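Labels for the chains are A, B, C and D, by order of writing; each one numbers its residues from 1.
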Amino acid sequence: MAGNTFGTLFRLTTFGESHGEALGGIIDGCPSGLALDLDFIQHELDRRRPGQSHIVTQRKEGDKVEFLSGNFEGRTTGTPIGFIIRNENQRSKDYEHIVDAYRPSHADYTYDAKYGMRDWRGGGRSSARETVSRVVAGAVAKLILKKYGITISAYTSQVGDIKLMKDYRKLDLTKTDSNIVRCPDALIAETMINRIEQVRKEGDTIGGVISCVVTGVAAGLGEPVFDKLHADLGKAMLSINAVKGFEYGSGFDGVSMKGSEHNDQFVVANKEVHTKTNHSGGIQGGISNGEDIYFRVAFKPVATIMKKQTTINSKKEEVEMVGKGRHDPCVLPRAVPIVEAMAALVLVDHILRNKTNAS
Amino acid sequence: MAGNTFGTLFRLTTFGESHGEALGGIIDGCPSGLALDLDFIQHELDRRRPGQSHIVTQRKEGDKVEFLSGNFEGRTTGTPIGFIIRNENQRSKDYEHIVDAYRPSHADYTYDAKYGMRDWRGGGRSSARETVSRVVAGAVAKLILKKYGITISAYTSQVGDIKLMKDYRKLDLTKTDSNIVRCPDALIAETMINRIEQVRKEGDTIGGVISCVVTGVAAGLGEPVFDKLHADLGKAMLSINAVKGFEYGSGFDGVSMKGSEHNDQFVVANKEVHTKTNHSGGIQGGISNGEDIYFRVAFKPVATIMKKQTTINSKKEEVEMVGKGRHDPCVLPRAVPIVEAMAALVLVDHILRNKTNAS
Amino acid sequence: MAGNTFGTLFRLTTFGESHGEALGGIIDGCPSGLALDLDFIQHELDRRRPGQSHIVTQRKEGDKVEFLSGNFEGRTTGTPIGFIIRNENQRSKDYEHIVDAYRPSHADYTYDAKYGMRDWRGGGRSSARETVSRVVAGAVAKLILKKYGITISAYTSQVGDIKLMKDYRKLDLTKTDSNIVRCPDALIAETMINRIEQVRKEGDTIGGVISCVVTGVAAGLGEPVFDKLHADLGKAMLSINAVKGFEYGSGFDGVSMKGSEHNDQFVVANKEVHTKTNHSGGIQGGISNGEDIYFRVAFKPVATIMKKQTTINSKKEEVEMVGKGRHDPCVLPRAVPIVEAMAALVLVDHILRNKTNAS
Amino acid sequence: MAGNTFGTLFRLTTFGESHGEALGGIIDGCPSGLALDLDFIQHELDRRRPGQSHIVTQRKEGDKVEFLSGNFEGRTTGTPIGFIIRNENQRSKDYEHIVDAYRPSHADYTYDAKYGMRDWRGGGRSSARETVSRVVAGAVAKLILKKYGITISAYTSQVGDIKLMKDYRKLDLTKTDSNIVRCPDALIAETMINRIEQVRKEGDTIGGVISCVVTGVAAGLGEPVFDKLHADLGKAMLSINAVKGFEYGSGFDGVSMKGSEHNDQFVVANKEVHTKTNHSGGIQGGISNGEDIYFRVAFKPVATIMKKQTTINSKKEEVEMVGKGRHDPCVLPRAVPIVEAMAALVLVDHILRNKTNAS
């Protein structure tokens, strides 16, 4: 169980390293008859692509996805969907200084410890470049979710200590992509962009938080007891590079509330069951209750900085290191579509799983 | 994939409802030759047992585990370990008021939505009573971890807004069980206990945070890319009843740091690789790096309160409800051994998984 | 992956040894709302029970199943169904001669080689007693299949060299249980019974073949490419103790046919698609085509004989051994319900899996 | 669980259709540090390639494998190995007659029944062309097995009613590839070739049996109770196109033996444990015992014949059909490397699984 497969019924298995021939994956379990909207899929990839603005890495990758199987005359056939994305703009030279040295807070040391070797070019498998395959599969999942009326909207809600305090219900989430940091509040967005600019000029990096809202999920998704819907969402998010924390609904703030304050009282409106408040974040007992699902994901600052750092090499000698190459000063803008993709994978998987609960 | 199995190589499958005949489980993949220390296992169960102090539920359960297979002459045989815990102190009457009404922020409504029916007695499968099986399996896992020199220490670090601010390195974690709230700082513990007393008297409940520290883990555990060690720990914690959030290492606080502040520089001490700081929480790129692993788990306030609440019944009519029976005003004290148990399951699973990475 | 779980969506995990406290299992993924017909389930167990006739082992086991969870007011709830069967008639003494010696063609030696130890009492986990749990779960599966109009009929078609040559379409399969060898042809049955009597008197044992017919399966079950319906049926059968071979449809005999003879031509009758012949055994390309599914399972002679044999002990010394205790001279009669149970598990699993193929 | 993944720890997931862009797969769980011998892998592919002799299909495919990830500087890195094989010699025209008609004993009808549509070109996913990915992964597995001293030798032992009666111990299995039908006995081989020639000229096809011998497997592989070594081998073989039966050791012939004849008595030779006979086929209780493993696989005659057949179309009307294109008159010669590949996958998987049984 080497860990490169995600999902149980809607399964994504990925392969590929940052500077290898290609990255890609296999989507197994995609229902047949789905119209594969290639423009939409490529659009999702473009949202994640490097070089799309001055506050992200300037690597130039076309990131064109090639589908190799599983569709016929524009529709999925129910058989596995293989796809690849060729690597184009590799500059392995940028990484020669780490052939024998471990970048602080990177996976160089731990991969060596685990496998006895590593592909040092661009971080190899540990590079966030791997997520390109997740975005492809997530886009296919989104096409399925559309049929169920489910939308997923992630956005940057914090960069460093600049925090968007407004509740998501008071935001226009269609505005998220209208600025390069992907924050739906234009003013806060500008401050965030300036902060990223600033740390970039310092040769430094900064972390942040992505919030995500899912609407249109019917009650009933999630499998007790271990595969609770939020547990699978949490694992999905924590599997994204640089993520350090996950909370849903009231999250960490909810711990200081009393039960009488925190409980979401049921009400009936237009013959539909709802709750007055939604501290539950749309999930009760691990199963969706029909309300909006929302959660927050914490990203640490990117480990590669352009400042001098002390570290060690494989002979356990102290060495100095300065970051090279083209890196993100802040992963948040490009991570927004990745968060959405992983959420989409979880939801489609649970929709399929839920089909088998009644005899 | 109905979600009642946890782990890949060291697998726990559980069954049982709050007021059914018995709860139990099967541990599959436990290596042979392990001395099954029954006293230790029962001791772990006793740490989770209801009725152990005045700040937890007063239900009286013996919670005696009976092992049915998988061991011979005191040692595990490599075959599956079946075990059961009989339910004794059931008072189904306490739940008759919810036969046809949904308790706010409970799983009553979502189970009905999912399965078209539910065992309403004590919450059925959605009850935290299910975790009794996790503690049994976690205790077996701890016996394995002992052989690797790995220790797991969870403790209550926050109750409501009473927060233990000290870093775990400044605490004596052997003191955790010396008070009934399981906080290693005696002074803070007392304040926490008073707070719980207070909300209990109000017929209310309160949430909190459990911190957990794992020492002695060698570098190399965790499987990229989806089964990162912290992703599996996160899922494990989020699968526990009432959990709303998970963070490891610097967590949500780390997002406002710069890369130059957050990076953990490698150093060599006594020929061993270490890091000066440990914002990584012992995990880099999803793989353990040999430092302490630490994480925090957020618990919401218990949903069952003794106050009057408005809710609905299955006919979508508004009804009033007051909690009955014997409930925890705060789950934290009893959740400490559950957090440890789930962490132990994850670690043993990854130890076994890591055995297969070299040819 | 220790191998004690069968199935993907309808999953059975079993535990228990021949002479331990109890055997049992957990059925996970059983749809909710199914009426649990306990009499039927016990009846299936009784068909497998030792001591039911003079041609099977005279061990006396009540084999009463106790359900512990997953049902409420007579119906399944969608949560895992835990069950146990207590061992009653253990005579560990009968096995003391094998504490340190390996019975020829048994699993004594291989368990020792694999696990470094073994529970020698009654063969421990390697005993066919484990299949008691399969029959319980298979009976639950049969209750589901009834709703789909699917029947499974296994019968003894060969004992030693006494072979029932008639095609299953010329047999009255309702007669199978009317004799103790479970062969639907009364005349052949009597010959078979005599043969078993004869070898039993000799202190010897004999093998045979069980045939199985499944009717009422709609077209569409089976998952290409690895989980073909017949591949999963084959694995299910080969996992039963003493099984040495599996063939479906034309099987080994089909290899000497030409394509023009072997091909099953499609015809339309009463607006339904059928095939003129059924060499395919109801499965084409791994997917059911709506015709009867039929297959044959080869069982070797029981390894425990009452004759003197030479073998070795754990010190690799030559020793002599004579079988003791109460053993089956031929497993076929009691294996008929086991074959049916395993087939039922496979079919329900594939019914559930097939629910997820259309979006 | 759509069925396109094989194995638990050494996992192959495949994708691709007969006439799509490409076929390929991902090998996950391959240990790091293995020298990837590309010549050997290509050589294995060449053994399976169409057009290699006049008794197999004359389709011309280069079948060049391209590795995309998981290796660095000639060695595996422990990360997933992605690979593709481009389709080159597609002639979709050859299949236009089946756009709307179901070939008898093919998967055309069942795919339509299951998925509501199908890629009719060359049979799409149901084509044996999919096995090209299995041979790639099997070749990688063989490289691992070499390090354990394990050899796998399959050979054609029957074509139609021409049967190689000799025991494998009396054959020189290094001669298998010295003739185009892959039978190690030159004389029998010639008769087989003539028979295939004959049926080919008739526009017909013929089935056969492949035998397989595995040497060098230590005692201890196989996981009771469901994942017995022979159960997993059986499923592997039954998942290959056109396979109708599987038997190991004494197989179907063993059923007419008595226990006293069938039992394999243990002996000690050169301080090693062996058995005098090997009716067990090297596996007892589902676990390898150190003796040679051997088994037989039955293949039906190819369904595509050049003779006129009656069948139906999707409107359930009777139509006539004559096979077109370039097809194998007998799959046996090209199936030999496929049988070996699948056996190799099973053995490596169980070697890895067995590493986790001792604590």
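Couple of notes before you dig in:
Following the convention adopted for this analysis, contacts are C-beta pairs under 8 Å (C-beta built on N, C-alpha and C of every residue); 3 or more make two chains touch, one makes a residue touch a chain.
All values derive from a computational prediction rather than experimental measurement.
Counting hops only between chains that touch, chain A reaches chain C in a minimum of 1. The interface with the greater count of contacting C-beta pairs, when A-D is set against B-D, is A-D. Taking the mean of C-alpha positions as each chain's centre, the chain lying farthest from the centre of chain D is B. We define each chain's centre as the mean of its Cα atoms; on that basis chain A and chain D are separated by 39 Å. Rounded to whole angstrom, the centroid-to-centroid distance between chain C and chain D, based on C-alpha atoms, equals 26 Å. For the pair chain B and chain D, the distance between C-alpha centroids works out to 46 Å. Counting partner chains per residue, chain B shows two or more touched chains at residues 1-5, 8-9, 14, 29-30, 32-33, 78-79, 114-116, 125, 224, 353, 357-358. Interface of chain A with chain C (complex): residues 1, 9, 29-34, 78-79, 144, 147, 224, 352-353, 355-359. Those residues of chain A that touch chain B in the complex are listed here as 1-6, 8-9, 14, 102, 104-107, 109-111, 113-116, 125-126, 130, 158, 160-161, 199, 202, 204-209, 219-220, 222-228, 230-232, 234-235, 238-239, 241, 244-252, 254-268, 271, 273, 275, 279-281, 283-290, 298-305, 307, 309-312, 316-318, 353-354, 356-358.
Looking at the complex, you find that chain B touches chain C at residues 1-5, 8-9, 11, 13-17, 20-26, 28-30, 32-33, 66-70, 72, 75, 77-82, 84, 114-119, 124-125.
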